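Heads up, the next two complexes both have chain A, just with different partners, chain B and then chain C.
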Partner chain A sequence: MSYDKIRTLVPPKAWKHIKATWGTVPTYAMRLEKIRQMMTGLFRYERIECHDKYGLEIQQYTELLLQEAIKYGPRHKPTMETVDFYMIEKDLVHKTFKLFVPRFARFEPPYTKIHFIPTQNREIKRVLLELKGNPFPPVEPRPLDRKGSLVNILLAEAKRDYVRQKVKAESAKEESRDAPVEEPVEATQAKETTEAIKEE
Partner chain B sequence: MFRVKLDLAVRRVEALLDIFMGKPFPGLPQLATVEQPSAFGNLQSHPSSDGSQKSFLESLKDGIFWGVPKKRKSWEKRHVKQFGLSYMRPWRPRTDLITCLHCGNTHEAHTVCGACYAKVKEETARIQAAMDIKARVPDHQEVVVVYEGEATDPTTIGGKKVIAMPTNRPSWFHDILMTKITPDNKPNTVGWEGQDIQEKYKHKYPPKKNY
Partner chain C sequence: MALSRKFALRMAGVDITRITARKESILASKAAKTVLQKDIKDIEKIPPLRPGSEIPASYKYIYPEFLASTDMVRRNTLCEKLVRLDMLKRRTVLSIPEFYPGSIMAVTISDPNAPNKLSRFVGICICRGGNGLNAFIILRNVVDGLGVEIMYNLYNPTVREIQVLRLERRLDDQLFYLRDCAPEHSTVPFDLDVTPHPTGVAVPLNETVLKLNPHPWKTRWELYHFRGITFDPKELPLGRAKQLEKALQPHEWVKFDIMKKYRNQIVLEDQEEMFKDIYQFNNARLEKRRSRR
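Let's look at the complex of A and B:
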């Protein structure tokens, strides 16, 4: 199996593995169990709150799982086995292949997003991990339209003023080029005398 | 560590010189020797600054200023280091705080606004309860949330399951999500919904099949 790149920015905190203990002893099996639990939660609720060390690691696992599911589909046995392994609740296996895969097949990864949540304790960092395209209200608010702010109004007007001045200067240049050459004074006087003579 | 090594090195050199000069081992009676003028001068004995007889090599070490406390550490400094007394530590300004433009509350720069998020969290919990997200069914559908006064088709909108909420739509939960503010100030409706499946996966997910 070839792996696609997990196109999320992986911070140094996520380079270290989750340490899950069986009693007092950290074991690889317990680590996988923890990952399974969190991923089933994420795939069910599409939005979970957790400690940042868990969230950042599970983000990578979900990205890879979704990429493999999209690439190979449910008919591919190893992919089906991995999805079956990570989903403790088996209806979520249906959900990934029938709902998430067609949803995410339209787009490039990353398919998840991490938002940091404020906490009372500065030492602890909590994180909201969500799958994109979920029907819930967005955590990040819509960007405000800042055209009405004073600074932006002034800048817009300054820009328009600058453009106006430029246009004026260019039009003045063109007029000076196109304007007819003025005749010298003697020639005009001569013209007038000849006209006077003709009238007479 | 360096000082220890230097001391050892100096003592070894001095021992060699003693043998060379004819000085006996410590403990043995000193033999009669004639003090001869040597080319190196008197390397053995050299008066140091504090009066005691020191060798030339030992006195070289006096020139090196070894790290040593000059003054007694104050009570405050000792206790701040040992116990971390917060009331003695200098206050530092928090430069990582930002005001939310929507509600006006402060939050750290890397986090989401706490007040706004609390509202969103409550609403998501309500939506999740309304759509019965905990139900273990094999047919999960895409969901669209509809509030009072908005419902058109009773069951589906664009092939999605409609979840009707009994309340009015909150002002911060807009109809058209994931829209960008474009130069014409019109919302960009092509978000998660408008795009087609990627070319490379089209053979897997043709449009007519209903998954």
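Let's look at the complex of A and C:
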């Protein structure tokens, strides 16, 4: 099996610095157990709050797992085993293949988003990790629609006026340029008319 | 879900820091067999590196030095590109043939202290490593009953010629265990004739299994899972036999750690970029030869 490139905003430095140890026996396998528990939480609630060193790492694991599930599907044996390993509650295996895979087939990677939460102590960094397309209200504030405010209306009108004046000035310039080319024609016409009057 | 008892015990009991890294041979693996055992005559049958790409999958084994290091922190795409161009420039002057660890080679370098200002060394290629301009090989030979190992940087400007006297593969990627085998396995006469490898034939796999000398050894070969050696586990010292049992236990969590697998490999998208230059270089050479004819 080969993976595609992960496209996240996680800096590559974080990959080395995160050495999560947890439990009474801090081993590599215990670390994987912790990741597994947090992944089930993420897939259950679609948005979790955690310490940044866990969040940044779990994001990468979820990206790869979803990538693999979309690429190979449920009938591929090794992918099914990995999904079965990471989902401790087994109803989430159905959720990944029936709900997440058709949802994320529409999105372009990355499938997850991470937000740093403000904390009282600056040394502690907490993080909000979420799957895209979740039912909760968005974390980032929506850009407000302020077209209706008085200042914006006045500014828009001022802009329009400025553009109108410019167009007028340009058209006037063009007329003035075109005028000397038309003068001789008018002059000949005038001469003809004067001659005609004289003949009469 | 509760863990199965086997799995939970294994997780709690084993201290992984004690166990050394396991080395699985890449060149004798199943993936390499599908690529390398086929003859070059049916080059169209060699699978591509990635579905839909021109580059054959055999480039992974023939030109491993063109791949960048897997350390993401130290990687720089522009630097890698410039290094690759430098390597191709060197290859226009010096021909670096196809070889694998286990094949017998001869390297001549310019040496001001040697007679005729040239020194030539013949030996078995034990190891091949490094990436970019730092690519190196290690040759081993026994001269007058003394084991000699010399490391050569392939792209060093002092290197005059690189010859392959006998082309073959072994069961392992690294043959450092020859230090603890009988010296007859690593002796090569300096005036060995070249047995030219016929074009269009697959590289043969040498499946000799060597027996290690009795204890003590230079390093603990039993922990590395080499395929090309045998030894009696009863002859090991007391403490080591227990540790060997621990080391032989399969770790089931390794299979599921996807990020670990991802960090230790280079993604196929990147591999395709790295091999693009050498592929065009080889094609241009072939066309030149054809036009001369």
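One rule holds in what follows: the second predicted complex is superposed on the first by the 147 of 200 C-alpha atoms of A that agree within 3 Å, B and C clash if a C-alpha of one lies under 4 Å from a C-alpha of the other, contacts with A are read in each partner's own complex, and residues count from 1 in each chain.
As a convention for this text, a residue touches a chain if its C-beta (ideal position, glycine included) is under 8 Å from a C-beta of that chain, and two chains touch if they have at least 3 such contacts.
Nothing here was measured: the structure is a model prediction, and the numbers come from that model.
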Inset, instruction - Based on the superposed arrangement, let me know which partner A:Glu57 touches: chain B (first), chain C (second), both, or neither? - result: second
Inset, instruction - Using the touch definition from the top, say if A:Lys113 reaches chain B (first), chain C (second), both or neither. - result: neither
Inset, instruction - Check whether A:His76 is in contact with chain B, with chain C, with both or with neither, and answer first, second, both or neither. - result: neither
Inset, instruction - Check whether chain B or chain C contacts more residues of chain A in the superposed model. - result: B
Legend entry - Partner chain(s) touched by A:Leu65 [first = chain B, second = chain C, both, neither]: second
Inset, instruction - In the overlay, answer first, second, both or neither for which of chain B and chain C A:Pro137 touches. - result: first
Legend entry - Touching partner for A:Glu89 - first (chain B), second (chain C), both, neither: both
Inset, instruction - Classify the contacts of A:Leu32 with the two partner chains as first (chain B alone), second (chain C alone), both, or neither. - result: second
Legend entry - Common interface residues of chain A - those touching chain B in one complex and chain C in the other: 89-90
Inset, instruction - Quick one: which bits of chain A touch chain C in the complex? Just the residue numbers, please. - result: 2-6, 12-13, 15-16, 25, 27-30, 32-33, 57, 60-61, 64-65, 68, 81-82, 85-86, 88-90
Inset, instruction - Flag every residue of chain A that touches chain B in the complex, lowest number first. - result: 44-45, 47, 70-71, 73, 89-91, 94-95, 97-99, 101-103, 105-108, 115-118, 128, 132-133, 135-145, 147
Inset, instruction - In the complex, go through chain B and note every residue touching chain A. - result: 101-102, 107-108, 110-114, 116-117, 120, 123-124, 127-128, 131, 133-134, 136-145, 163, 170, 172-174, 177-181, 185, 192, 195-198, 201, 204-205, 211
Inset, instruction - Under the touch definition given earlier, write down the residues of chain C that touch chain A in their complex. - result: 1, 10-12, 14-16, 72-73, 75, 251, 253, 255-259, 261-263, 265, 267-270
